[in-house]
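So, here come the structures, one by one.
Look at the two complexes coming up: chain A is in both, with chain B in one and chain C in the other.
After this line comes the complex of A and B, so read on.
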């Protein structure tokens, strides 16, 4: 067999040495202030899910609960519950998308903020015009792309997974988080 | 096999290999099997393909197929592309690198690189893999070629290729299954010779799994059958073959790369008495492909 030309090795080497670039748009603290501007306190209350709880979430949400630990903060004002602030990761085209969701005690989405997004296309997912389509959503909504949530061409996977992630967090809230 | 005596037959069959180097839209998780996604409207992607093919039945044979591609999103569900194709041949086959003893094919030697022609492609996404759960796309490509991909000899060839592409994501897109149903029809006219024609259906399938951020591993395979209508002859079965092998893919914000290595698992012998279980006239024992794409 003839030797493989050295030219073939160039792109292979590039695959090895190319670095990854993280793009963080909001820290946890910044996202908390954006989503619960009126809150005077955030109480960190992470949940460690059992396998059974994860299975229940998956069967109710229709998507898997990948993480055993879910980072959750209780947003309060004067000791009263304003809602839940949850940081979550979903699969993007190349890397995980980190986003924060604010949920009201009655099971409605108060807001969504993209914290880390590193995809080639679909930067529109960070724009308010797309994120606000998730505001007010409850588990009674369809959560279907191009039906009640618009799709962004070139970032369909990101749109779908963030949308499904928000639905999954609503299920988690319903099953495991207090209303008061 | 009568076909194996004919260089022109090889050239025609070789054009099928151009089809095997079929063009892709959007990021390629696998080296050969294509996904159903298209580029967003108004966006572009540049590709570079290098495919090394080596080892025949006898002698010392290798070649590299090279393609440069520009792809453009005409609409969100319609991508068009143009390609420049070339070959590098490096072989020393003596009486012949393939075929039966006394009835050899691919003789002599050659060491040169030449541009061979161009391709035009269109891909229409009917269903999105992420919006509709099962992605479906239609694909068409036309190629004009002036080089016999196997021997490197001059001629004129035209190829039409059509595909139906399926893509099914699992695990929120972490695992992808892709399948292509393909058909190729082509003509090849060697210099000073008469035109021949071939038709080849092919089935490709593969899976790709993202094992960590940016990185996928995959496995794919395909089988095809070629029917040939040689000059002055009539349609006849020529050969079949099955290839399979692993791949690794890296994708980042602005560029991606895929490395695949496949081997011929089985194939019809190109001549009586060659009981190796491989077809080594139109194909080789091993292939390595690197594809790189840049988004802009």
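After this line comes the complex of A and C, so read on.
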């Protein structure tokens, strides 16, 4: 039988409680490319919502439309609408998430990608101290995958905030985005 | 070289995949690794009424149902660990979780709160329930999905990678990552560095928290509140063994885990000294 793996311990100086965690996965342009690889043009068409429209979205989606402005792009190929690329934010128990979703004209979700994930605990000061104490103290690897992002293993955090967000955007699409 | 990191909402949580490889198309490798996870979700989700698992749970008792090879494989693993742990891990507690409202009720049938390994029979391509139990693979399928994603990254030529499905984490290749345990007070405690291994964490709570939907079912009384992290070679095993760690008594926990191929890891004490 293979030996059961061990965790490697490291010098005590780098152990920080409450690490801040912020990771940018994709910029807007990158997320557009990942979600609508076939598109040749993204036309920015942000929507400013009236209070009435926000109320309608809330009553149809069951979650509140916090923002008055929603960042939306038309994904096009040769001038034809492929779908909608929408950037949105949600706040959960531990996390502040910016994500992008691709919606097809018929109201189907094509894909969802997290753009920025931040643990809301800790803070910038902690993050700085985390970075400083870590430098030069990790094992001598050829690359450091996680120089400044700790991997947290805990009870599994639910992703329902993003799921609810996507549901809200589907309602917004149905109410306000023309299929042409 | 810089790793490519991507995150998607999958398996009811946030799944992060990172990959490195000089000669690999990392975006493509990561996209396929996510696809592998989506496939497991479609096959083994209790929530999805069309999954293989739901088909098996809703089939008539005693009737064999043909399932995808992956579903057969995970059922075998779940049943084997249920047997080997003498029910400390138990994949037949779906009835209890439905009654508590933690898992959805898909059928008006009446189910037993829980059963044992003998209640499931698995042949080469088929499986059946011998008694009206509800199988739940929530304690093992997420880990298995992580293993599949890791295998996909390797197949696509990545030389190192990491998959973290809401705390079920596995990595391979020439890298090490610091790992923290989020404890019951929401503090992140340093556990150590992980290399070529998997880690998972489960938590016993006495009140249900929708942010952390998992719920531990114990054979006897509810165990005391606590958080347990287990490392193993594969993520399915680490995932399953955290449930064993949650319900085992203090006196036998470490021994049982070692026998089942895992190791309990505790936060490093006195982090500032």
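List of remarks:
Note that in this section the second predicted complex is superposed on the first by the 117 of 180 C-alpha atoms of A that agree within 3 Å, B and C clash if a C-alpha of one lies under 4 Å from a C-alpha of the other, contacts with A are read in each partner's own complex, and residues count from 1 in each chain.
Convention: a residue touches a chain if its C-beta (ideal position, glycine included) is under 8 Å from a C-beta of that chain, and two chains touch if they have at least 3 such contacts.
None of the values given here were measured: they were computed from a predicted structure.
Of the two partner chains, chain B is the only one that A:118 touches; chain C does not reach it. Judged by the number of chain A residues each one touches, C leads among chain B and chain C. With both structures placed on the common chain, the touch criterion links A:93 to chain B and to chain C. In the superposition on chain A, A:151 makes contact with both chain B and chain C. By the touch criterion defined above, A:163 lies against chain C but remains apart from chain B after alignment on the C-alpha atoms of chain A. In the superposed pair of complexes, A:48 makes contact with neither chain B nor chain C.
In the superposed model, A:63 makes contact with chain B only, not with chain C. Residues 1-2, 4-5, 7-8, 12, 14-15, 18, 93-95, 121, 145-146, 151, 153-154, 156-157, 159-160 of chain A lie in contact with chain B in one complex and with chain C in the other.
By the touch criterion given at the top, residues 27, 37, 39-41, 43, 48, 50, 52, 54-55, 60-62, 64, 76, 88, 90-91, 128-131, 169, 171-174, 210, 213-214, 248, 250-255, 257, 259, 285-286, 288, 290, 292, 295 of chain B touch chain A in their complex. Every residue of chain C that touches chain A in the complex is listed here, in rising order: 1-3, 5-10, 12-14, 16, 18, 20, 27, 142, 160, 162, 164-169, 174-183, 186-197, 199-203, 205, 210-214, 227, 229, 231-233, 258, 261-263, 265, 268, 270-273. Contact residues of chain A toward chain B in the complex are 1-5, 7-8, 11-12, 14-15, 18, 20-21, 63-64, 66, 90-91, 93-96, 118-121, 145-146, 151, 153-154, 156-157, 159-161, 164.
Interface of chain A with chain C (complex): residues 1-2, 4-10, 12, 14-19, 23, 25-26, 34, 92-95, 99, 112-114, 117, 121-122, 134, 138-139, 141-146, 150-160, 162-163.
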